[in-house]
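Down below are the structures I want you to see.
In the two complexes below, subunit A is the common chain; its partner is subunit B in one and subunit C in the other.
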Partner chain A sequence: MEYTLGIDVGSSFIKIALIEYSDNPKIIEITNEKIRKRNPTILINKAVNDLLERHNLKYEELLYVASTGEGELVERKRGHFYSMTTHAKGAFHFHPETKTVVDMGALFCRVMSLESGSRVKNYAMTGQCASGSGQFLENITRYLGVTIDEVGPLSLESKEPAKLSGICAVLAETDVINMVSQGIATSDIIKGIHESIARRIVSLLSKLKVESPVALSGGMSQDVGLVEVIKQLADERNLSLEIFATKNCYANGAIGAALWGGYRHYKLLEVAQ
Partner chain B sequence: MAQLEAQKKLKIILENYFVGMKAPVAWCTSAGPAEILRALGFEVYFPENHGAMLGATRLAGKYIPKAHRAGFSGEICSYLTADIGAWLMKETPLTNAYGLKSIPKPDMIVFNTNQCREVAEWFNFYGREFNCPVVGIYPPRYLEDVSKSDIDNVVAQFKEVISVGENVLGKKLDPHELEKVVALSYEGTQLWKQVLDTARKKPSPLSFFDGTILMAPIVMLRGTKICVDFYKETLSELEELAKTQQEDSNQLRLYWEGMPIWGRLRSMAQFFNDNNSVVVASTYCNSWIFDDFNPKNPLESMASAYTKIFINRGENTKLAYMEKMLNDFDIDGIIFHDAKTCFNNSNNRFGLPKRLKDSTRIDTLTIDGDLNDLRFFSDGQTQTKLETFLEQLKSKKRISV
Partner chain C sequence: MDIQKENSMIKQKHMLAEQFIELSQVKETGKKVVYTFVPGNLTELIYAFDMLPVYPEINSLQSGMRQKSKEYIQEAEDMGYSEDVCSYVKCDIGMMLQGNIGPTGQQLPNPDILLLSYTGCFVFMKWFENLKQLYPNAEIAMLHIPYQESGKIEANAVKYIKDQLINEVIPTFEKVSGQKFDNDKLGEKMDLSAKAEELLIEIFDSAENTPSPIDAYFGGVYYIGPIFTAFRGSEDCLEYYQELLKEVNYRVANKLGPITPEGYMKEEKFRLVVEGPPNWTHFRGFWKLFYDMGAVFVGSTYTRVGGVYDDGFRHSSNDSIKSMAEYCLGCYTNRNIPQRIDLIESFITKYKANGFLVNSIKSCNSFSAGQLVMMRDLEERLEIPVGFIETDLVDPRYYSYSNIKNRLDSFFQMLDQRQSFNIGDDIVPDDVLT
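Right after this comes the complex of A and B.
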């Protein structure tokens, strides 16, 4: 059996995917490590060593080790792949019907429309402001005294979502502090934040005139509340899109990198022959 | 890219320029009528160059808050705020670089609002500080076509510059001297054009980031033989270099529209290099190509040249100009720099990127930043945006990532 490893270094989490590489690749394990102000390079080395140990594998036995995201932080790798390519590959491989991928990460959100399989035809991303990012959402949870895992279910409970500034993260944070002091329900504040982020994403979907189905990817895809609001807003704008998130889709970048690694390995062998 | 011999020579030229600057000195905007001032007998100093130095040395961050405290907004030109802040703190990078105690004292100040109104406030501030005459040229702005009456308007204002300059110096302008200076300006500007045009070759021997350094003489020494000789040598070196480079069809060729981010020149040059891409052309560097200079008709030709600069044109003219540049330099993608303190030279704000994409099918990207105030610039966000953009361009060009 042959194995490839994909390492996606984000600004908040490091995702690693170990894949059994064949014509029909299988995910063996995915790890997700929060950086928490630690040295990412040391963290990556430890996470890779632990992962390989759990599967009785040695680094040298791996067919290909690929990085994506902030790849320069990965010391032991054979190649690096750009993150749009890897997210598209990861999403498409296990759901070949996918026509559009939305990568929702800590720093930004990015919509990619695909053609001829996982080839990225066009893209659009959120601007400089952090208010469309996962990091913003995480910062807000601190004011509200909830954990990031509680955010999704709380949002689903909201009856009357609050209205927040959708333009500036700083203004939105001020809005949230005011709302807390006014006694507005936490669930309504959270859904308000979700709507603010979702509006940006749905605008990107509309701007690119994407096709259905739309696969969500990146860390925020695990937030059931946000996913629900994105679907609602897309429906309100009559975009007629099937939008879905899957269990492992937060790690699509790492999965895609591992898959591209295997592909490149055999392509290079072909060229050499 | 390895450092060019020309860049080493430039250091000596600039040292001689600053150290050798003697009264009478006139201050002038970078696209102002420097030829008149030189022909009158002034040495010419350019505060915008000083502003760019403050940005490139990353000292701007230290001085800008001082100007804010003096009442200048954080959203106006950060050349202005950095330069005035440095003046208020009685500091200049010229001290470390060339041992000068201060910036040169002006005997006369001239500005041209062909680029923006900020220069008027900036230069008038110094007029009050130094209690010296200030002459402002206010040309018609944002023109599609430049008419005879527009030229006449500017020529009349140039005559006022001459009159005030003659009073300051107590001598008349020698018309033959003006013709000579304009002839040298024309020669210099045409050589500068040829230098920039070497980037049409594949791979390009020159990048926008090299250009922002090599452009110093065409801004500061326009109308002198030093400038002409420098670009003759630079051109010859670049042509030689181009002959030795092997063609690389995988290299992406990009266009930069807007101001440089002075404090990030090196890191951005490195970034593009690492990603097998090169910014081969820019509106910014090309703005000092003045085809209209004509020694037989110095004032009218100067009025035409300085009124026709890109930043002073209407949106249709800007579109046509860029379409030609994209074609001439065989561009794969365009980067618009939205400089937060330079409204006038951020050309992404009125739909130009979309109109260009519609007419040329070339992809565009807008990055947020600033010429000098790095508080408006995020390294992480910019890198992510650029990587994504290059990835997309490579994918379209079918270059393997």
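Right after this comes the complex of A and C.
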């Protein structure tokens, strides 16, 4: 059996995917490490060593080790792939019908339309303000006294979503603090935040005139509440898009890097022969 | 690190230094001083009356490059200017409040005339209203330039400007300078301008070469364009462009790229056209983000703010007053959005650009209005990757390195993939994947 490794270094989490590479690749394990205030390079080395040890593998036995995201922080690797390309590959490989990918990360959201398989045709990003990002959502959980895992289910319970500023993270945070003091239900505040983030994403989908289906990717894709609101708002704007998130799609970047690594390895062999 | 200097750059530095010395000596020489703006400037006319121009926008951008703008802006905000007001204005006002010390460390003289000739930016009007309060003894000369709403220069607009020049601007110049208007003297300066304009366009068009011997944005504002506004109509200006063209031709002959702060650009990977002014407070770092990636700007709109010569307009002594009117009407910011899009399209096509970038300025609504429409329109017309970043002119608080870098990373990824099917850096050639 042959294995490839993909390491996606984000600004908040490091995702590592170990893939059994063949004509029909399989995900062996995905690890997800929160950086917090730790040194990312040391963290990556330890996470890779631990992962290989769990599967009785040695680094030298890996077919290809690929980085994506902030790849310069990965000391041991054979190649680096652009993050748009890896997110597209990760989403497309397991769902070949995918025409659009939305990468929802800690710092920004980015919509990519695909062509000829997983090739990125075009892209659009949220503006400079942090109010459309995962980090913003995480900051808000501190004011609300909830964990990030509770955010999605709470949003689904909301009866009357609160109205927040959708243009500025600072204004939105002030809105939230004010709402907490007014005793507005946490679920309604969270859904209000989800609506503000989702509006930005749906606006990008509309602007780029994307095709369906749309695969969600990145850390925020695991937030069931946000996913639901994105679907609702896309329907309200009659975009006619099938939008889906899968169990491992938060790690599409790492998965895509591992897949591109295996592909590139065999292409090189072909060229050498 | 010092930027590599060529003869033209040394000449430019010398000419600017001379001008500031001349400005600092007006008490002794008796020369009169005209404060005015870059877009729609009447430099030839000012020199025809032996007066000296001062451009508050240029003072502001130089304060930005010298890291002085933050304290000047703070000074203006303490006085009551809002955070949303144009940072050029606040920087200029702050500089004046702190003694009006120019970029060479010498005090700039007070204005004898505030010449409000402007195109496209209505903030200019408020700016000079405020300067009038600071300098109550200065004469005001107003030259209103109608916006090109119809997309072409109309005869009645030319007449309207000519009337203002004849009835208001020139009489004010005569009164303050004590000289009678001399049409022949103005004509000589117009002819010199026309010659320099030919050279300027030849230099801009050198970007048709691969690699491009110039960077039409960073180089454009650093050493190609600045000399143009302040010295147009002078022999020195003509000599400067003759020297610069020689250097550009040398680079073309030797297949050399433009000069960056780290020497000749080594590899030209991306050819870009850009809309919007640059950021001045982080000028070198901002530039580095591009040349490190092998990105060269082959066309820019900001270098056309002081005049558009790409479509054949040249200053002319045939009817100097009419020529000045047509010049003002044709400036980039005085054109409507479809005209601006057409001009950018012509740059992209002519200079074989493979990407278009907008640098939107937070505190400049006049320039930034319509940029998203322009971007989408060009994306659809030409099917090229487009990018959008935000900075400011001289307010360093708006410069967020990480945000700019994130957005440029995506833009370059898209360009790389479209251009060469490259999907990342590797130890192997990327074309094995294609």
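Here is the rule we go by: the second predicted complex is superposed on the first by the 273 of 273 C-alpha atoms of A that agree within 3 Å, B and C clash if a C-alpha of one lies under 4 Å from a C-alpha of the other, contacts with A are read in each partner's own complex, and residues count from 1 in each chain.
Basically, a residue touches a chain if its C-beta (ideal position, glycine included) is under 8 Å from a C-beta of that chain, and two chains touch if they have at least 3 such contacts.
Computed from a predicted structure; not experimentally measured.
After alignment on the shared subunit A, the placement of subunit B and subunit C results in a clash.
Look at A:78: by the touch rule set out above, it reaches subunit C but stays clear of subunit B.
Residue contacts after overlaying the shared chain place A:187 against neither subunit B nor subunit C. Between subunit B and subunit C, C touches the greater number of residues of subunit A. When the two structures are aligned on the shared chain, A:271 is found in touch with subunit C, with no touch to subunit B. In the superposition on chain A, A:113 makes contact with neither subunit B nor subunit C.
Of the two partner chains placed around the shared chain by superposition, subunit B and subunit C are both touched by A:125. Overlap of the subunit B and subunit C interfaces on subunit A: residues 81-85, 107-108, 110, 119-120, 122-123, 125, 127-128. Residues 11, 81-85, 107-108, 110, 119-120, 122-123, 125, 127-128 of subunit A are the ones that touch subunit B when the two sit in their complex. The touching residues of subunit C, counted against subunit A in their complex, run 376, 379, 385, 388-390, 400, 402-403, 406-407, 409-410, 413-414, 416-417, 423-428, 432-433. Chain contact summary for the complex, subunit A toward subunit C: residues 68, 78-85, 107-108, 110, 119-120, 122-123, 125, 127-128, 207, 260, 263-264, 267-268, 270-271. The residues of subunit B lying in touch with subunit A in their complex are 368, 378, 380-381, 384-385, 387-388, 390-392, 395, 401.
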